[in-house]
Amino acid sequence: MSQPVRILYFAWLRERVGTAEEALALPEGVGTVAALIDWLRARGPGFAAAFAPGGSVRCAVNQDFATPQTTLAPGDEIAFFPPVTGG
Amino acid sequence: MATVRVQAEPFDVGAAMAALGAGRNDIGGIGCFVGTVRDTAGGRKITAMTLEHYPGMTERAMAAIAAEAEARFDLLGCTLIHRIGTLQPGAAIVLVLAAAPHRAAALAATGFLIDWLKTRAPFWKKESFADGAAEWVAAHDADAAAAARWQHG
Amino acid sequence: MATVRVQAEPFDVGAAMAALGAGRNDIGGIGCFVGTVRDTAGGRKITAMTLEHYPGMTERAMAAIAAEAEARFDLLGCTLIHRIGTLQPGAAIVLVLAAAPHRAAALAATGFLIDWLKTRAPFWKKESFADGAAEWVAAHDADAAAAARWQHG
Amino acid sequence: MSQPVRILYFAWLRERVGTAEEALALPEGVGTVAALIDWLRARGPGFAAAFAPGGSVRCAVNQDFATPQTTLAPGDEIAFFPPVTGG
């Protein structure tokens, strides 16, 4: 068994998916942020709404901002969140 | 020379400024910005503002922003303090300090730091309104434009 | 809404900021600049800086500068405090605060206020050097250029 | 007798002329800042040095910045000083 990835959700994304954090094994064939988003979207209506195409979800991998093309590996910390609004 | 902090408690501007300048006499000016909670948004009354963040990444992002400011400007040090949790109108949210031999660098760095902090550090604001509603603040195009001023290359 | 003061005593940045924001919740940001005495000038060691001013005209000029800032920028108030007398390296000389609904106005007004204060308020600095000499500081072309940025019409 | 004018000197100008303040009746024919400077310059070597042609002396009349053309009247408060260096 390979190491799971940790997935974090923040702000309205957290509220929409209904969880702040989960751990799961990277699904077969999911090697990038874009592929993970496709996979999450198919999980249920909360996820589908949170990751609706054309939305403004941002992603960080191992605490650095990521793009849809960023590759994923077992053990990664992957975070999804809206555009930031601090300051 | 950067100090970066995320905290629930209020900050003391005078103490932070004193700490930045402690033991050195080469500073000609300190630029500073304090962001505060306004009591209205889009014409609606706000009763509170709650700030969520991404522990771990927040500190990394703030340290990277401070390092970028120190690389771009002739700074002798800078301080970034951002509060989290629930704040009342009038409360201070964020403190930026930039110390330099001359005022132009201190003031330019202050603007840079707050612009990048608003667009590159993982904080999210939720506003609670007088009518009981609570809504996440949408990112402002103006903030993205302000941050884009500092792009180069 | 402007506070203007000339004083020999040190100022308290936190207290001045609190006074500027007291009893109001419409401020989104406060820009601030603190100028301090550096311990060198032109490569020579400074032991003290003495500030002379023109009592009466100073306060008039500072009030006029504050009024100009309030006319040019979307401000909710501003504060100018300038010290006089003999100050040691590391000591604060001048404080500028500008409060606004949004940060862009607060920061722009802060820059404007310090640029004009340096070129339009009747203060003169005399530096005392470690070798016993004391010399009046010459006006800087850079300060005149910085102030000229704000000319229009 | 018309009211005197008050003349103030600051910074290195004060040191060069050797006085911080004086009161005098506006001399016959002195109606502008430029004319007063010419008159002062003739008073002695300290004044001549302080007001040397091509120097950078600034003037205020009644606490407003003035130009060489600014007119003077009995009772005025006239100040001479170097370019300001505060802030």
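Details
Order of writing sets the chain letters: A, B, C and D. Residues in each chain are counted from 1.
Rule of thumb we're sticking to: contacts are C-beta pairs under 8 Å (C-beta built on N, C-alpha and C of every residue); 3 or more make two chains touch, one makes a residue touch a chain.
Just so it is clear, the structure is predicted and the values come from calculations on it, not from any experiment.
Considering every other chain in turn, none proves to be in contact with both chain B and chain C. Taking chain C out in thought, with all other chains where they are, the connected groups by touch are A, B | D. Inter-chain centre distance (chain C to chain D, centres taken as mean C-alpha positions): 27 Å. Once the centre of each chain is set as its mean CA position, chain B and chain D turn out to be 49 Å apart. Chain A and chain D have Cα centroids lying 74 Å from one another.
Shared contact sites, meaning residues of chain B that touch two or more other chains, fall at 35, 114.
Going by the touch rule set out above, the chain pairs that meet are A-B, B-C, C-D.
Within the complex, the chain C residues that touch chain D are 35, 51-54, 56-57, 60-61, 82, 93-94, 114, 117-126, 136-140, 143. Residues 12-15, 17, 21, 24-40, 89-90, 101, 103-104, 106-107, 110-111, 114, 146 of chain C touch chain B in their complex. Of all residues in chain D, those touching chain C in their complex are 8, 10-12, 56, 60, 63-65, 79, 81-87.
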